[in-house]
Each structure stands twice: as structure tokens, then as C-alpha cells.
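Two complexes come next, and they have one chain in common, chain A, joined by chain B in the first and chain C in the second.
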Partner chain A sequence: MPRYFNILRIFWSASISAEMEYRLNFIMAALSSVMTLAGTVLMLFLFYRTGYEMGGWPWRDALVVVGIFTFLEGTQSAFMTPNRTRVTEHVREGTLDFILLKPVNSQFWLSVRSISLWGVPNILMGLAIVAYALITRETLPHLAGVLLGCIALLLAVLILYSLGYLLSTISIWYIKLYNITMAMQALVETGRYPITAYPAAYQVFFTFVLPVAFMTTVPAQLMTARGGAGWLLGAAVVAALLLMLSIAFWRFALRYYTSASS
Partner chain B sequence: MPTVEVDSLSKTFAVADKQPGMLGTLRHFVKRKYRMIQAVKGVSFAIEPGEVVGFLGPNGAGKTTTLKMLTGLIHPTAGSVRVLGQVPFKRKPDLLRQITLVMGQKQQMIWDLPPIESLRVNAAVYDIPESEAKRRIDELADMLSIGDELTRPVRKLSLGERMKCELMAALLHHPKVLFLDEPTLGLDVNAQTAVRNFLRDYNRKHGASILLTSHYMADITALCDRVVMIHKGGLIYDGSLADIVQRFAPFREVKVELGGDVDHDTMQRYGEVESINGRIARLLIKRDDLTATINRLLADLDVTDLTVTDPPIEEVIGKVFDDGATGNDTNTPTVGTVQP
Partner chain C sequence: MTQASTATLIGWPRKLRVLFNVHYAEMMEFRAEIALWAVATMLPLIMMGVWAQAGESGLFPITRVQVFRYFIVVYLIRQVTIVWTIHHFEFLVVTGRLSPMLLHPIDPCIRFILMHLGEQLTRLPFAAAIVGLFLFLYPETITGGPEGTLWWPGLQNILLAIVACYTAFILRFFMQYALCMAAFWHERVAAMDAILFLPYMFFSGLIFPFQALPDPLREILLWTPFPYMVWFPATLIVHGEAPILRGFLIMFGWTAAFFILYRYLWHKGLKHYSAMGA
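Showing the complex of A and B:
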């Protein structure tokens, strides 16, 4: 295990120094993150200005959802997107060979190989919004609820990761799959607002088919003391199942990997 | 125990067949037709510890496929492979720590970073302590005469420099078995020589076994005493480099310089005429008849100079691949019969 931590440390320091080669990138990322967030908050504000309550969520609580959404989006672009695109590249160029020949778990390598600073502003801003919304709320939330919410948030990251990895695994068969990033982006996008704001049919779809509800709404529910611990348990089960599925599917896919012939 | 044991190894691929044109593209998109291609057919050979073996074959002969089965990247359709006594396809960490694969067309270096960063990654992956890694990097850099290239971004390195760094990354963990797929591809003559010398040194220092494919015969002649040749997926030769000429080119080249001009018809009586240029003629003469024919030449004609050489190995091997040699049958070589 310490070896894996050591590998992780070196992966990330290498990939941060690679990112630092392009300094302007980071400034652009911060800017675009501020703009997107402003857009989302404005949209939300327009709804609430007229007294409309989205799916029974008051303004501050809906802001928590937006904060969590922003955090997840940041986490995704910092830790997941750069690795997902690389899986596709490795398959297409045949350099997956090198990774498979390393005495290290290939899924681990492909999942943590690179990080991107692009997501960092979103992560920070998302957390800030959550904190702001919770503190300025009429009734301060319970600490226990917030902690449970944080656990749910970690599970949300796990769910997001597993779904993304499942999708990128498909590139073993269908080589060019750059659209994975888009698909995953769109998936997270639907978690921008509380799930209860959607019509009933969508709610069912976003809970049981695409587990978006578990990603943003459930953590926010727990933090704002509106949901039971049952949801947390549900999130844990979903996360564990998806993670196991992603591992099993990757192993299955490798059996079909023949690598791009030279 | 041999380092590598290959026994009747075969691999069949399903390859998508696409007809040309828009209609073909459309059909290809909607319903793919697959064709089975047998890339490797019943190949067997073994490599002993410390041996350097050249692996030859024209493009598409199945070399890379075989290498991928030997490294465990793809599963054989039939037959078996053992590397250091293990089944490579299981990719047990214990085996992976002792083998390496270098591919001339692919690179594992991180493009935007200096090679030293990629080397650090590999050191961590192979669990090499920092001080030991540093010692090995210095040693390899010295053997390859690499200096400040290690701290320049990979994208700014020349192809030759990059290949040297690739070799460092591939050998940092001191593997016992090296699979090299055209390691000198695209390199200039100096870089080729450097890579060759390095591989020879590494082989001597670490007693490593090497299986090497290359399109440059110079790589093979410089490094390998033994070659394994495949053609259309099947093994056609496994033996010493020197014997290839004997086996596949039962002719020798005789160059005669005469006192006066000669004509084609006269020379044809002695052997196959390759060229006639004024007073100089080049003939191909069967090995078995060599002495007798030379005696006749000297007796019949006014010979001022005569040299006998083997045809260059590149030419012999090229002919083997062109003609599609069929077997290990020494007595009836189907190649080497030169048509004028």
C-alpha cells in the first residue's frame, strides 16, 4: 500500500508540473469557473425572486445543491476527465501495452495517472458556496447532518468515478470515445438543481437509472436535515455496486484487448 | 531452463473488412463483416539465458503479434508460451518485474515533461529506492552517453535522444528478458550504432536474454548470433546467422576480370550471369560446383582477376521473404534460386 501512495505522489507531482508548463491555462480555468458559477446562481435567483420554491427547497438549500454540483464538477475535471481521455488515447495509440506491462494495477494507473488544475477553482468555489449557504441559513444545520452529508459527498465522487470508468472502458472495443467526457458532463449537469424539482418520471430515472440523485441531492438533503439516513445507505450501496462493476468490467474488457497493431 | 519457451504458438484475429467508397463506409458502419486472419501459425522456439536472438520477418509476418503473446499482452489462440517459467498472459507482478518491452513506434515517456520525470514514475512503479534509482539512471545515462537531455521536455528531444531515454525507462528495473520491437526504427546511423552498442553492453553486464526485431540487418548482424525467421505467420528458419546464407543462398558470387571484352553467351556456360560490364563479369555459381567451375574458367578464358564472395545477407534474406520460403528442409531450398 505505501508503494501505491508513493506512486500517486509521483504521478500527481509529475502531472502538476506538466500543467505548469501552460500557466495561462490555470487563469483561464479560474475565470471560466467564476463565470459558470455566476450563471448558475443567477438562474437560480431568477426562479426564487418571484417566490417560486424549487421542489420545496428554499433558496439557501437550493444553493447547497448548486455548491455540491460545482464541487463535483470541479472534482470531475480535476481528477477524472484527464484520465478518461487518456484511456481512450492509450487504446488508440496502443500505449496501453506499456501500462499493462507494469507491475501495478492497471485500473489504478489509468484512474489516477494525471490530475488537472482546471478543476481546482470549481472545487474551492463549490465548497465555499456550500459553507456560505449553510451558515446564512435561518436555522443552523446539525453538525452530524453536515458530516453525514460529507460522507454522502465522498460516495457521490465514487459514483461519478465508477460511472465514468465504466464508460471509458468501452473504448477497448470502440477505440474513439472522446464523447465520454461530454456524456459525463451532461450527466453531472442534471444534478445542478434539487432532484425534486424535476417531474416525477425524471426523478425515478435520475435515481434508479442514472444515479444523479445520489450525487448532489442526497448530500444536500443530509446537510440541510431534510433526508433520512436511509438515503445515505442507498448511496453507499449504489457506490459500492458501481465500483465493483467498474472493476469487473475493466477486467472483462482487458480480455478483449488486442491493442492497436503496429 | 530456457528463458523463453514457445510451443506451437498460434493466433487468429477477426479483422473488419471494409469495402471502398461511400456505400462501403455506410455498410461498414451499420453491419461489419469480419474475416479471420491467422497471424501466427504454430511457431515454436526457445531462448536460453543470456542469448540475443534476432526475430526476422517481412512486414505483417506476425512478429509484433508474437512479441505481444510473449509479453502477455494478448492471449494465444493455441499453443503455449513460458517466460521465466511463467505464463505471461497472467501478467503476475513477479514476472512483469523481470521483463520489458520496447517498441520503436510507441513511447511511454510523458510528452510535456523531461525524461527524468518519467524515470521517476517508473522507479516508483518498480519499487526502486530513490538512491538506487539515481545510481541506475546515472549508469544507464553513461552507457548511452546521455546528459542534460534528461532534464529537457521530451517534446524537444530528437528521435534518437528520445529512443535512448525510452531504453532507460524500459531498463531501469534491470529486466532479465528484453523484447525489442524495432528499437532503432527511424534513427540515424550514429544513433543506431549507439543503441546497438548499448544493448550489447547491457546484455553482457546483466546476462539478459534479448529477442530483437529490426528491419535493419546491421542491428541483427551486430547483436545476434542466432536468428528466428517467420513468414506469413509460420517459422521458416531458426539457426545461426551464418547458416542463413548456406541454407537459403546455395550460390556464391564470382567476379571475374578478363583480358578482353566478354559476351553474355560465353559467360552463361559457367553460371548465372548477374552482370557484364566490359571486361568484368559477375556470375552466380552453385556452391557444389564452385571449384570445378572456377577451374574451367581459369582454363578456358584469359582471367586476370577472380574473387569469390557470399551474396550480402540483406539480399539473401530479402529473397527469402520475397519468394516465401516454405520450410526447414535444407536439401531442397525453394529460395535462393535466382532467376535472371
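Showing the complex of A and C:
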């Protein structure tokens, strides 16, 4: 275990120094995060200025959902996206061989090899919005609820990671599905608003097929004391299942890996 | 006009057709990935869900049925106005592969446009399937009119909308292509486009119908190029209440402006271009 932490430290400090070469890009990423967030809040305002409450969520509670989504978006572009695209590259170029030969778990290696600073602005702004919305609420949230919400948020990160890894694993067979995680990304956009703001068919799909509801709505529900702990249990089950599935699917896929030109 | 130039003039439709067929065949190779693009551009259909619920509340100047119609049309318009040339162009300049294209007697820009058209045609069946799914889920899109009449926007509106749609594509293409020219001086122009994508996403009508905007904001936005890439063609089909003449004039104005900017930067950039890296 300490060995894995050591590896993690080396990987991440190497990635950060590489990223520092492109400071201008970081500034642009930060700018784009700020603009996206401003647009999202403006969008939310378009709904609320008429007195409409999205799916029965008051303005500040809906802001919590937006904040959590922004945080997850940042986490994803900091820790997940830079690694996802590489899986396909390694398969296509046959360099996956070298990774499989290393005395380290290959899924671990492929999942943590690089990080990107691009996600940092979103992570910080997301947390700031959640904090602002919770503090300025009419009734202050209970500490216990907030803590449960934070646990749900960690589970959300796990769900997002597992889904992404499941999809990148497909590249062992089909290199042409290079953009498959982008398609998932588009559907995850649903999480920007509380799940109850959508019609029934959407709610069913985004709870049971693509569990977006567990990523943003459930943590926000717990933080704003509007949901039972049953949802937390549900999130834990979904996260555990998806994580186990992603590990099992990766092992299964490796049996079909035949090195370069496969 | 000399005999030779007349011959080339006649040869144009054939050349374009051949090039189109080549690029269509090329794109068909990537159909699995292109099918995913049809999914990756579903944002309007996601927003449709939120607006449909909002439309039902009666607090907005748009009904549930209008929301369905608007966003399904927006999704289709998005399918024929997606422009990705900057990623391709950046690659061509950075690797120097633009050079052989410069020796061709056809401007590379024409090729790029045909590539997009080929890609669109490849994507269309998948997009149609997605639209089919949503029409199946929400049949009131078609049947929800007054007294159960089926929805038919009218031939004139459809024709106008198709013209507007392809003008929108050309407008969006040249807006991005003008930015592409920066690749002659800077290595990572695709990252710049990511910034330009944001006002497009928020102010084109992709994620909200313009009726929901406060009047002053709407008036300002109608002078920018963004609403004409999505909202304008969509409104031509859905209500037919768009300011037709003014809309087309603003649209042509912006297209011409971006085209001139591109030609200017193209000539300057080629002088700067060293065939390998910028």
C-alpha cells in the first residue's frame, strides 16, 4: 500500500510539472470554467425569475446541485479525463504491453498516471457555491446532513470513475469508439439540475440506467435535509456494484488483448 | 472567357460531387464514432426535459408542446451545423500536412466544407433514430396541436428554415475557420475555440428558447451572430414568427464579415507558414 502512495506522488508531481509548461492553457481553462459557471447560474435564474421552482427545489437548494455538478466536472477533468484518452492510445499503439508487464496493478496505473490542473478552478468554485448556498439558506443545514452529503459526494466520484473506466475498457475491442466517454459526458449534463426537474421518463433513465441522480441530486438532497438516508444506501450500492463491475470487466477485456494491431 | 476556363467552370459540379463522395466514403469508415456524436450532441434534448416541466407550470410564455417542438427541431439543426474543422486544421498546420493541400488547384476550404457535409450525411440516420425515440416518448409533439390537428409547419417555413439552416452552417463554419487561421501563429487553437463555444452554447438558443429571456437581453443578443446559428432557423419552423428579413440580413452580414476576416488572415498566415510547425 505505501508503495502505491509513493507511485501516486511521483506520477502527480511529474504531471504537474509538465502542465506548468502550458500556463496560458491553464488561464484559458480557468476562464472557460468561470464563463460556464456564469452561464449555468444565468440559466438557473431564467427559471427562477418567474417564481418557478424546479422540481420543488428552492433557488439555493438548486444552487447546491449546480455547485456539486461543477465540483464533479472539475474532479473529472483533473483526475479522470487525462487518463481515459490514454487507454485508447496505449491499445492502438500496443504500448499497453509495457504497462501490463509492470509490477503494479494495471487498472491502478492507467487510472492515476496523470492529473491535470485544468479541473482545479471548477473544483474550487463548485465547493464555494455549495458553501455559499448552504450558509445563506433560510434554515442552516444540520452538520450530520452535510457530512452524509459529503460521503454521498465521494460515492459520486466513484460512480463517475467506474462508468468512465467501463467505457474506456471497450477500446480493447473497438478503437474507433475513441469518443465514447464524450457521449456519456453529454448525458451526464443532466446532473446540472435536480432530477425531479425532469419528466418521468428522464427520471427513470437517469436513475436506473445511467445513475446521474446519485451523482448530484442525492448528495444535494442529503446536504439540504430533503432526502432520507435510504438514498445514501442506494448510492453506496450503485457505487460498489459499478466499481466491482469496472474491475471485473477490465480483467475480462485483457483476455482479448492481443497487443499491437489488435 | 476562354475555352479552358469555360471547361473548368463546367467541371465544377462534377469535381464537387467526386470530392463529396470521397469524403462521405471516408466518414462512413468512422460511422461508429460518428454515431456517438449524435449522442454527444443531445444537450438540447436534455434541456427539453427541464423546459417541458417548466412549460407545464404555466409561468413561461411557452407551452409543453411548444417546448418539445422547439428542442427537437433544435437538435436536428445542431446535427447539420456542427463544425469541427479547427481540430483538423490545427493538426494539419502543426504537422505540416497542410502543404500538399496547398498544391491542389482547389482551395482547401472547399474540401473542409465537403468533409463536414459528408460527416453530416453519415450522422443523419443515427440522429433520426434518436428523434424517432423522442417522438415515440412524446407523441404530443405531433398530435398536441389545437383540436387534434397534426403538426405541419408549412412548406414555405420548411424551405426557409432549410435555407437558414445551411446559411447557419456556413456562418458557423467561417466563424471557426477565421479562428483557425490563428494556427499559423499559435500551436493550440482548438483550445481557443473551446472559449468561443461557450457564448455559442449559451446564446444560440441551444439550451433555452429565447422567449424565456428578459426583453433587453434578447434585443442585444439578436445583434450577435449566435442566435442565427440555432434559434433563428428553429423559430422559422416552430412558430414562423421570426423577423425573417432582418434575420437573414444579420446572418449574411456576419457570414461576410467572418469570410473577409478569414481571407485576410489566410493570405497573411500563408506567408508566415513554414510548412512544419508554426
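The working rule: the second predicted complex is superposed on the first by the 257 of 262 C-alpha atoms of A that agree within 3 Å, B and C clash if a C-alpha of one lies under 4 Å from a C-alpha of the other, contacts with A are read in each partner's own complex, and residues count from 1 in each chain.
Criterion: contacts are C-beta pairs under 8 Å (C-beta built on N, C-alpha and C of every residue); 3 or more make two chains touch, one makes a residue touch a chain.
Computed from a predicted model, the values in this text were never measured in an experiment.
Visitor: According to the stated criteria, A:245 is in contact with first (chain B), second (chain C), both, or neither; which is it?
Guide: neither
Visitor: I'd like to know which partner A:201 touches here: chain B for first, chain C for second, both or neither.
Guide: In the superposed model, A:201 contacts chain C only, not chain B.
Visitor: Just to be sure I read the superposition right, which of the two partners does A:157 touch: chain B = first, chain C = second, or both, or neither?
Guide: After superposing on A, A:157 lies clear of both chain B and chain C.
Visitor: Which partner does A:6 contact after superposing on A: first (chain B), second (chain C), both, neither?
Guide: Only chain B; A:6 stays clear of chain C.
Visitor: Scan A:95 for contacts with chain B and chain C and give back first, second, both or neither.
Guide: Once the two structures are laid over each other on A, A:95 reaches chain B alone.
Visitor: Kindly classify A:255 by the partners it touches after superposition: chain B alone (first), chain C alone (second), both, or neither?
Guide: Only chain B is touched by A:255; chain C is not.
Visitor: So, A:36: does it touch chain B (first), chain C (second), both, or neither?
Guide: Touch status of A:36: second partner only.
Visitor: Report the partner of chain A that touches more of its residues: chain B or chain C.
Guide: If we count touched residues of chain A for both partners, the winner is C.
Visitor: For chain A, give the residues common to its interface with chain B and its interface with chain C.
Guide: Touching chain B and chain C on chain A: no residues.
Visitor: Residue numbers of chain B touching chain A in their complex, please.
Guide: My answer: residues 13, 64-65, 68, 71-75, 91, 93-94, 96-97, 99-101, 103, 105-108, 110, 112-113, 117-118, 120-122, 124-127, 153, 181.
Visitor: Please output the residues of chain A touching chain B within their complex, sorted ascending.
Guide: 3, 6-7, 9-11, 14, 17-18, 21, 93-95, 97-98, 100-104, 255, 257-259, 261-262
Visitor: What does chain A use to touch chain C in their complex?
Guide: So the residues of chain A in touch with chain C come to 22, 25, 28-29, 31-32, 35-36, 39, 42-43, 46-47, 49-52, 54-55, 174, 176-180, 182-183, 185-187, 189-190, 193, 197-199, 201-202.
Visitor: Under the definition above, what is the set of chain C residues touching chain A in their complex?
Guide: Per the touch definition, chain C meets chain A at residues 30, 32-33, 36-37, 39-43, 46, 49-50, 52-54, 57, 59-60, 137, 188, 191-192, 194-195, 198, 201-202, 207-208, 212-214.
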